[in-house]
Amino acid sequence: MSRIGVFVCHCGENIARMVDVTRVAEETAKLPGVAVSVDYRYMCSDPGQNMIKEAIREHKLDGVVVAACSPQMHEPTFRAAVVEGGLNPYLCEMANIREHCSWVHTDKELATQKAIDLVRIMVEKVGKNQELFPIKVPVTKRALVIGGGIAGIQAALDIASGGHEVVLVEREPSIGGNMARLSETFPTLDCSQCILTPRMVEVDRDPRITLYTYAEVEEVGGFVGNFKVKIRQKAKSVIADLCNGCGDCWNKCPQKKIPSEFDAGLGYRTAIYVPFPQAVPNTPVIDRERCTKFLKDKCGICEKVCTLNAIDYTMEDEIIEVEVGAIVVATGYDLFSVGKDQPNEQWTGYGEYNYDAYPDVIDGIQFERLLSASGPTQGEIRRPSDGKEPKSVVFIACVGSRDPEKGLEYCSKICCMYIAKHAMLYKHKVHDGQPYVFYMDIRAGGKNYEEFVRRAIEEDGVLYIRGRVSKIYKDGEQLVVVGADTLSDSQVQVRADLVVLATAIVPHRDAYELAQKIGFGCGSQGFFSEAHPKLRPVETNTAGIYLAGACQAPKDIPDAVAQAGAAASKVQLLFSSDELEREPIIASVNEATCVHCRNCIRVCPYSAITDKEIKDKKGNLIKMVAEVNEGLCLGCGACVAACPSKSIQLAGFNDEQVFAEITALGSG
Amino acid sequence: MSDETKTEDKPAAAEKEWQPRIIAFVCNWCTYAGADLAGTSRMVYEPHVRIIKLPCSGRIDVSFIIKAFEQGADGVMVSGCHPGDCHYTAGNYHARRRFGGFRDLLEFCGFDMRRVVFSWVSAAEGKKWADLVNEAVAKIRELGPFKEYQKLLAEDIWRKEETNSDRETG
Amino acid sequence: MKIGYYPGCSLHGMAIDFGKSTAATCKALGIELVEIPDWSCCGASAAHSTSHLLGMALPARNLALAEEADLTVVAAPCAMCSSAMKKTHELILSDKETAAEMKRLTGREYHGGVKILNAVQIFLEYGLEELAKRVVLPLDGLKVACYYGCLLTRPPDLLKFDDPEQPVLMDEVCRVVGTEPIEWGFKTECCGAGFSMSRTDLVCELTRRILENAVNNGAEAVIVACPMCHSNLDMRQANINKMFGTSFDIPIVYLTELVGLAVGVKAKKLGLRKHFVDAMRLTERMVPASKRKAPVAR
Amino acid sequence: MRFTIESQQLESDLVKRVEEMIEQSPSICYQCGKCSAGCPVHYLMDIPPNVVIRLLQLGQIDRVLESRTIWVCSSCSTCSTRCPKEFKIAECMDALRELALATGKDTPSEKDIKLFHQVFMSNMRMFGKVHEASIAGVYKLKSRHFFADVGAGIKMFLKGKIKLFPHRIKGVKEIRAMFEAAGYGRKEKEEPSTEDKEQEKLI
């Protein structure tokens, strides 16, 4: 007969208010195998933990059930306490009588009965638990960083300064991400390029960082400490080792009218190109879908002008395999497309704003490019339709954000700030111009942010109008913006030369597929899920995978950089030991009964099961069985459910344990 | 058998005492966490469901469901991560495929499938969990206690009488 | 092709031109219109403004009558009528309570078997390719502003007709008959609808804004598919000019009239002479198909 | 304007009736103002649409029922179509009009619009269809706007756009039963009947 201790927590009033904890302790004390059952105000406090430790010694317990909050909250706490009390940590289980009981029910009697049942389940389970020992696995001390925006750059540099190797993969031909497209940055208005370029160059120079641009992560296998990654290096058609970035090729390329992605369609690039002058690396790539050589087998000018013979039209995609111990995902954001990302596919969506129809209705990134000294207008504010300097500019907040019916439910967080910046910078450049902002709320909750917005209003004369815009239509050369000012109960119309929509921030367009490929969570909006919103903001639920920057939620640069630093330090923490311990919740095969039907092999999502030959001493094959690789198994249990002969079992969740839990309910 | 349950009339007094007993098999990463979220969000729902936590819905075996009924459950819930959201990449895919098979097998064994609720609840869907529990409880209340299986067991020469437990008082 | 027909009150009255052109054009296209037996008024804005039950019950009765007469497709050219019918149809289908309530009020049951067509949809149902074949006197190059008004597309979730902000389907029909629809900003703005008599001032203000934008964008005619749009823009044009000192003189033409002309129906049969603003000038723009430079645009 | 916010008011029965009629709660509106921004008749309203909803949130429904706004609203649904929260403002206006009539709290202004609706409805109740000429006639009599529109009227007549005689549908009894079952105009029972008479006279 086992000797189990039950510890029922009041959680102050949180549990005790709705569950008669004394009765739970009394009732469960009567269960067979329970040696002691007590209740206490705060089990997780030091005195609470000490109670458990002392009880283990005093009552010679061989199992502990803590009836308290969710195991997600305090399982590690109590397992540690149990260890200090001299028991194996896996002999401790928690019954969740707070989140699953006291907080969600209103009938005290029924809630108490439920709490007793929940404890009963765990008492039965613990009775069948076995001692388990953490598995030790070696750590490959090399990190993979996906995405070379400011967040990825920061994470890579920090990990490298910690003395570890880093592989940085960026999809575009250059690193820099969205920050490289910005003009000046709030709240200090320092030039984005000026502060970013040195960091980009550092990445290029650091011998510990291997940079793959124009590349994508193709496949990720393995597990924390031991990931195996396949990277697809897309064919650049330029031999990086030979090219010195002289620019002769792109200056001569006759394909000059390709809308530049970097300039958000406001400028042009050539078929062989670097996205922007400060690009790192400064080796160009050939866009094969636009190059005459690839389309019609003509031209070939770049090859002719390149004195270093760096052009290679026959180059093919290459798959690079690397092993890494940790992964930092920093794939950033895209902008919500007002014309297209709509719930109803047939509609243009936000047709009332005419983004698709009028060239002078642009989005925030396009305005950044107009402001940027390296942009298509060399930093002069010119409107796209006719190149005139706009004398009246309307900025519209929350386009696609906070709009569950036409766009997205959430607030994009950074637009309030960049709108203030845009209006301010516009005023700095066009002194006789008038900026207007239509907004619902001004969300400026950062250090010096509110002050920044006030400056725009008070010193630069930006007119803030509180209300959404209903419609934008064209009247002659001007746009008429029809909005409301709810503060004066009025309908207002503004004649504008240019309208800038602060469109919502959305996750990078293929973020979801990437998360699937690597194997971590994605929230319903597509931003990557952190393990805990407050206490584990840079970790994912998958060990060894960390998040940095705007891929996790809309973020400005200070936040993106702070999170990147935190992710880097988590990686270094992981790399600080040579081995790491893993939960021993893994499957194992009973070779005596396995009939080698291979069902388990087929269902295992991690390919953790392989065939094994059992031979006699002479080396003759006796039979084939299945075998679990401890390093790869993550303990999902799919194999167990699939095995017809019940020959494979999952430690911690074997059939005996689960049946005991079910039976516990029958005896009530 | 399912027709019998539908038409069964119970005395009103007994109904007052009887509380449905439902066992839920849920995965650790999504539904369990979803139920946690319902808790942290203080969503009130019916107190008749007892959760048994498993690492993944892929671990759920049809024998668990049968065992649950055998132990006197009036209903069973099975819930895991949404298709495509599995913490273990594909575990719930296997589960989903298997649930189809479960259904046939259970039906073949004579279980009233209205007593088994399959669904997907993510860690973010506290509300969905609460609604699901309420719906399941309402449905089981309507169907009444699951006596048929107990009757069957009593007739079954392979089984002992002990399974006819006094669960109606619990 | 044989379809049900719900003219509504105005196509027999004030919008007699809309009624005539619908009948004549359909006839020319080989569409036989069968009136719903003993139909009643759809209730218009007066009904839904004062009784949400009657606002649904009146159309529900007509729908039930159509169903009883085995009419599975019903053309209701008036935008107010088709909107009221379509909304009621959707609500009865989606909500059992409403369905029961309507049965109680009308004493008839509607099962949802009627497909309701507005004036534009008549031609879409007919098929634009088929229509193109019948065009004999296209109005080549006539710049038209397609004016949908507020009733044709809204509320979008119930009417399910076209994009509520940038509708295009009427433009497509207009293109088939050779005219050039312009891009403009007031396609779905409200003209004041039923306020023509009770708040003439309001109607004049709203229609002025619409006409102004149409003219500024180069329209030579405004195409409508609703009797209220027509009377507000056509009949009130003189009032507007007087009120605002403007000098609008732009024909307001029903889509059914425009298509009728193109497929060779005589202007008189279309009621074109009944307009307040002269619309006969359109006939001068017709080019026999044989003498056209470009093929019919699609 | 100054008022004390009391919890009973926040639970106003009339607001609840509006909620039931439109199957939505005003609390979903976050006061962005887009409805007011696009409303074509905003310029004639005493309370902009977003404030109408705000007042419902505050339980101040009487002010709304007494407003002109609900009568000058042309039911164009521009507001509902563009509302980021898909609040059914246009339907809410319908509900408010109905409620204003039923409770008798409606404003004395904008009586022309109300009158027109009433004349229209009683005409329909009488014939099953509406006869524009008699509507116009009765409306003009009752509104005393005799000379407004005369020019247009004559021209319409000359263009054959005015039908002289009304046509009564066969199922007119059905229509009357529907009015009855819907409880139409239950408060002002007397009024429609006098209009009925006047319309009969006019024909």
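Couple of notes before you dig in:
Residue numbering begins at 1 within each chain, and the chains themselves are lettered A, B, C and D in the order written.
The rule is short, and it goes like this: a contact is a pair of C-beta atoms (placed from the backbone, for glycine too) under 8 Å apart; a residue touches a chain by one contact, two chains touch by 3 or more.
Values in this document were obtained by computation on a predicted structure and should not be read as measured data.
Averaging Cα coordinates per chain places chain A and chain D 52 Å apart. For the pair chain A and chain B, the distance between C-alpha centroids works out to 34 Å.
Annotation: 56 Å between the Cα-based centres of chain B and chain C. The multi-chain contact residues of chain A, meaning those touching 2 or more other chains, are 352, 471. Within chain D, contacts with two or more other chains are made by residues 43, 78.
Viewed as a contact network, the protein chains fit none of the simple shapes, being neither a path, a ring, a star nor fully connected.
Pairwise, the chains that make contact are A-B, A-C, A-D, C-D. Across the complex, chain A is touched by residues 30-39, 42-43, 47-48, 50-51, 78, 82-86 of chain D.
Chain B meets chain A in the complex at residues 19, 21, 23, 29, 33, 35-36, 38-40, 42-48, 50-52, 54-56, 58-61, 63-64, 67-68, 70-73, 84-91, 94-95, 98, 122-124, 130, 165, 167, 170.
Residue ranges of chain D in contact with chain C, taken from their complex: 21, 40-41, 43-44, 72, 74-78, 80-81, 88, 90-91, 94-95, 97-98, 101, 112-113, 115-118, 120-121, 124, 128-133, 136, 139, 143, 148-149, 151-152, 155-156, 159-163, 167, 169-172, 174-175, 177-179, 181-185. Chain A makes touch with chain B in their complex at residues 70, 72, 96, 98-101, 103-107, 110-111, 113-114, 117-118, 121, 516, 519, 521-524, 529, 541-542, 585, 603, 605-606, 634-638, 640-642, 650, 653, 655, 658-659, 661-663, 665-668.
Residues 156, 163-166, 183-186, 213, 216-217 of chain C are the ones touching chain A in the complex.
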